[in-house]
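Think of it as A, B and C in the order they're written, each chain with its own count starting at 1.
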C-alpha cells in the first residue's frame, strides 16, 4: 500500500508535466486540427535560455519567467511563419509541417550552438525530499502538481469566462462554423498558440530545473509522450488531455515498479500495449469530442 | 586470434621516438602545426629524421569517421586530441619523412543513417585513407567495418564495445573493452569489502547493459550478491521509482553500479542522496567528462573506471596542458582526448614499423606494435584487438577526479 | 400534371449488360500499362543517370545508388498504404524490422551466430539459409505481421490507427533491444550477408513500382482511394472500408519488408535503432515532398531527398568544392531535410508533383488520341489512349439502344416503426413509410424534423433504436456499405463527392461496386451517366473544381451508377434558385427512369417536393405528421401549420 501511494505521487509528478504539454497539443488540435510535433521545441528553447542566463549567473527567479516568455514568443512565431500558410491544408500536411519545424529546430541548435550538451546546475530545491510518515515526498513533485493544477483551473476559468476562451471552445467544436460566426480566425489561432506556448513554457520550467542540461534534440521525447497523452484523452478535449497525461505518467511508474527485473526494460512496451488496446476498444480516445459529423 | 612472439626491440625504439613526438614537444605552436599539415613535406624538420630508417613513398593518411551526435561524448574530444597529435607529429617531421594527412568526416545524422556513414567511410578510403579512426558505438561501427572489410586498419578511438574488436577484419580498440572495466569495477568493489550491490542498466545502448552484466558476473563470482538490476531509459529525468526501490531495500546495498553518464547520472545521484541512500556509487568511463565531476556535492565520492589518469608514468598531464596552451581551451575530458592522441600514435608507429602505408601491412604491424602512447604503453601483442591496459579507478574529490588505484582485473567476465 | 412528369422521357439510354470484372480488366489496360511504362521509364532514367554518375568516381557513389533504390522500395511501400488510404501509419518500419531480423537470423553464418548469439532459442544458431531463401521467409514474416497488425489498424481509422501503429513500432524496437539472446540487442548483429552492387536494390525498386502501380489501378486500390477521399461517401456507394485497407496494409507491408531486408543486406548488420520513429519521419518526408498520391511523386521525392542529403553531407565536411572552401557545418543534412520539407509543404502542400503521374502525362502527350464522337450515345469507344480518361474503365459492351427505361424492380422500400433516441432526445419516432418501386416519393418537413436522421437510419449511418428497414422481404441491416449493396444509394445534404478524383472516376467507383454486387440490375454506363448529367465535357476534371450545381449532379450520377433499387436524395436542391430547382426536377426524373429505380427525395421545400413527387410523407418533430398525394398534402392544414409555425418560430 505504501508503495502504491508512493508510486502514485511519483507518477502524478511526471504526469503533470505531460498533461501541461498535452493540453497545449490538444488545444491546437481543436482550433486547427494540427498535431503539433514542433511543440516540444519550445522546451528546447526554454532550456537554452536557462542555460544562457544561468551561465551568466542570472537568478532562477529571472531565468524561469524569461524562459517561459521565450516559449510563448517562439510558439507564436512558428504559427505566424509556418502554420498560418498551411492552415487550410490536410491534417497530414499540417503534421508533416510540424515535423519539418522539429527537424529544423534540432539542426539549428546543432549548428548554432553545438550537438554537445550544454549544462547548468540544478538548484537544490529540485531534488529535496521530505519524509512524510512512510512516504518520501519530493518537494519538486509537489510543486509540479500544484503548478499544474493551478494551470488547469486557470485554463478552465479562462475557457468559460473570457471571449478568447469562448472563441477557442467554439472553434474546437466547429472550426468552419466558428469562422462564419465572425470569430477572427487569425487572432484565435495565434492566441491558442500563445496559450499553448505558455503552458509548454511552464511545463518546461518544471522539467528543466531538474534536467540540468540543454541539448538540441531534448524536446522530442517529452513531446511524443504529450502527444500520446493528448490522443489518449481524445484530441481536442482539454480535460481528456489532463487525464491522458496523468494516467500516462502514473502508468509508466506502476509498470516500472511492478514488472519483474528482467522485464523492466520493456516498460514502455507494456504501456504501449495498453494504449493500443485502448484505441482498439475506443478509437476516439477516452473523451469523445468528435463533433457530430453532419451528413 | 593470432599469437606472435613479441618483436619488441626495434619497435620499442621507434615507439619511444613517437612518444617523444606525441608527448614532449611542448613548445609546438598550434598554428604552425596546422600549416605544416597543409603545406606538405617542405616543413619537415629534423624531428622527422628520427624515424630515418624508414622513408615512406606516400604520406600516411588518417581518416577519422566521427560520430558527433550520440557518440560526441567520445568523438568530440577524441577528434580534437587526434588532430592535435597529427599537428605535433608533423611539426616534428611527420612519419617516414612525410607529414601525416588527416581528414575528419562526420558519419552521424538525424535520423541515424548507417548507409550515409558507410558512404562517408568509403569516401575516406577512396581519398586514400590508410588508417581509419572509428566512432564509439557499434550502430555506426559495424556498418563501417563492412566497408573497410579488412582492407585498412580501423582504430575505434574511444569505443569500449567488444564487438568492434576484431583483428581479423583489421578492427582494434584503442583501450580496454566494457567487460574489462566492469570486471575491474567488481573486483574493486569486492576489495572494498562490498558484498551487496544493485545495478542500473538500460537496453538503449550496449554500453549500459554489457557493463552491468559483466559486473554482476564477476561480483557474484567473488561471493557478492546483486540484489536487483533496475532499468532506465536514456532521456529519463526522474529516477524516483528506481531510487525508492533502492531506498526500500533491506539490507541497503553497499554499492550501486551503473555505466550511466550525464544528464541521467546527475539526476540519479541527486535523487539518490536526497532519498538518504548512502551506498557507494561506481560508474564507468562515460563518467569521464569534466562536467560530471561538477554535478555538485552529490558526485563527491563516486568511483568510476577510466582509461587513464594523469600521473608520472604517462604523458597525460603534459598532453592536457599542451593542448590547452596550443588551442586556448581544454580538451574537456581526461581520457578521451588522450585516446585520440593514442590512436594517432599507434597509427604512426605502425606505419613506421611496417614502413608502408599498405592496409594489410599496417594491420599486421599494429598487432606487433608496442607503443609508448600518451596514456602509457599500448600493445596488441598477443591480445587480439583489445590492448591489455590497466583500468584506473578514479574517485571524485573536491569536484575533480583523483586516482584510487590502477590494475588489470584478475578475472574478466565472459573470458 | 404529376402523371405527365413521371412519364418516361423519350431518351435513348445505353444499358450496360452485367459484365463482372470487365471494368477492372479495362482499367488495367488503360491506366496500369501507361503508368507502369511511365514510372518504370522514370526508374530507368534514374538508373542511367546513376550509372553515369557512379562510373565517374568513388565507389561511395555505388553505395549511394544502391541506397537510393532501397529507399525507393521503402517509400513506395509506405505510399501503397498511406497514399491510397490516407491513413497515417507510423508502424511500417516495425514490419520492416521483423522481416529484416527474420532474414538476418536465418542468413547469418552459423559459425558467427554461435559467437554472437549463442543462446538464441529455436536452434537458430545452427540454422544457415541462403540469403535468398532467408529473404523470402523474411518477407513472409513481414506479410504475416502486417496482416495481424492490419486486422487491428484497418478496423480503426484516423488517429487511432496512427497510434496503434506507433505503439507497434515502439514495441518492436524495445523487444529487439531487450531480447539480447535472440537479436544481439542494441549491440547490433553483424555478419549479415551483404548484397554486392545495386542489382538487387534496382530489382526491388522495379518490383515496388510495379506493385504500387498495379495496386493503385486495381479494384481494391480504387476502393481504398475512395475511402481516403471520403469514408462516409464511400460507404454509401457500397465500398467497404476494412477490406481494402487491410489489403493495402498487407501489400505495403510486403514492400516495406522487402525494403527493410534490402537495407540490412546493404549495410551488412542489423540493429534496433535502424528502424526508428525518426527514420519513419524521413521516409514520410520523402513521400510527401514529391507527392504521396502518385507513384511518380514518391519516386521524385525519394530521389530529391536522398540526393540532397548526400550533397549536403558532402558540403558539411567542408570540402574545397567549385573553387570555394566550404565551412565545416555540423548537421547540414538535417538542415537540408527540414528546409526542403518545409519549403515544399508551405508552397505546395500536396507535394511538388501533386496528382501528377508520369504515365498519364505521357499518354496524354504522346499517344494518339482516338477521335471522340460528338454525340454521347456513341461515346463508348475504347479510350485506352486518352490520358485524361485513363482513370476510368471503359465499358467494352457495345451500346444497345433501349426503347425506354428498364422495368423497375418490383419490391417496395418499407420502414416499420423506425425510430432512434439520442441520449433522451427522440430524433425519429416510430416512422413507417412505404416507397413504391419505380416511383418518386417525397419526404418533407421543416428544419429539424428528423429527415436527414431518417435517411441515416435507412442507410445504416445511424443504428435505429427501434424498427426495421426492408426492400420487399429483405431486411436491410448492418453497415452502410452492406445496405448500399442491398439496393439503397444516397446523396448527401452537404455534398460528398470524392474531391481529388476526376468526375469520371467518381462515377466509375460506384460502377465497379455495381458490377460486383448489383449486376442483376440493369445499369447505365459511366459514359451515359456523364452524358445524362451534362458532365461529359468536364469528365476529366477533378470533382473539387466543379461548381455547386455540377457537383450535385455528379453526386446523383454516382449514386445512380450503383444501380440501386432506390435512390435517396437528401435535399438535392438546397441552395439552388427556383429555375435550377426545376431543372433538377427533370434531372432526377431522367436519371431515375434510366436506371429504373425508385426515388426518395428529402427536402424542406414544399413546392419542389410537390412538383416532383406523386406521393409525399411529412415529418415533424421526428414523427409522421401526414402522408398522401402531393395534392392532398398541399391542402393539409396540419402541414401548413407546421410549416408556417417552423418558419416563423
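The definition used in the following text is that contacts are C-beta pairs under 8 Å (C-beta built on N, C-alpha and C of every residue); 3 or more make two chains touch, one makes a residue touch a chain.
Keep in mind the model is a prediction, meaning the values are calculated, not measured.
Centroid analysis (C-alpha atoms only) places B farthest from chain A. In terms of C-beta pairs in contact, the better-connected of the chain pairs A-B and A-C is A-C.
Centre-to-centre separation between chain B and chain C, using Cα means, comes to 55 Å.
Centre-to-centre, using mean CA coordinates, chain A is 39 Å away from chain B.
We define each chain's centre as the mean of its Cα atoms; on that basis chain A and chain C are separated by 34 Å. Multi-chain contact residues of chain C, defined as those touching 2 or more other chains: 174, 177-178, 281, 330-331, 334.
Touching two or more other chains at once are residues 68, 110, 203 of chain B.
Counting partners per residue, chain A has 103, 106-107, 115, 265, 268 as the residues that reach two or more other chains.
Interface residues of chain B facing chain A in the complex, by the touch rule stated above, are 68-69, 72, 76, 110, 201-203, 228-231, 233, 235, 237-238, 240-242, 244-245, 247-248, 262-263, 266-267, 270-271, 274-276, 291, 294-296.
Put simply, chain A touches chain C in their complex at residues 35, 82, 85-86, 89-90, 92-93, 95-97, 99-104, 106-108, 110-111, 114-115, 224, 228, 231, 235, 265-266, 268-269, 272-273, 275-276, 279-280, 283-285, 293-295. Of all residues in chain A, those touching chain B in their complex are 3, 6-7, 10, 13-14, 103, 106-107, 115-117, 119, 121-122, 126-129, 136, 138, 141, 207, 210-213, 217-218, 221, 253, 256-257, 261-262, 264-265, 267-268. Contact residues on chain C toward chain A in their complex (touch as defined above): 86, 88, 152, 155-160, 163-164, 166-168, 170-171, 174-175, 177-178, 232, 277, 281, 284-285, 288, 329-332, 334-335, 337-339, 341-342, 345-346, 349-350, 452, 456, 461, 492-494, 496, 570. If you check the complex, the residues on chain B that touch chain C are 68, 104-106, 109-116, 118-120, 122-123, 126-127, 138-139, 142-143, 145-147, 161, 163, 203-206, 209-210.
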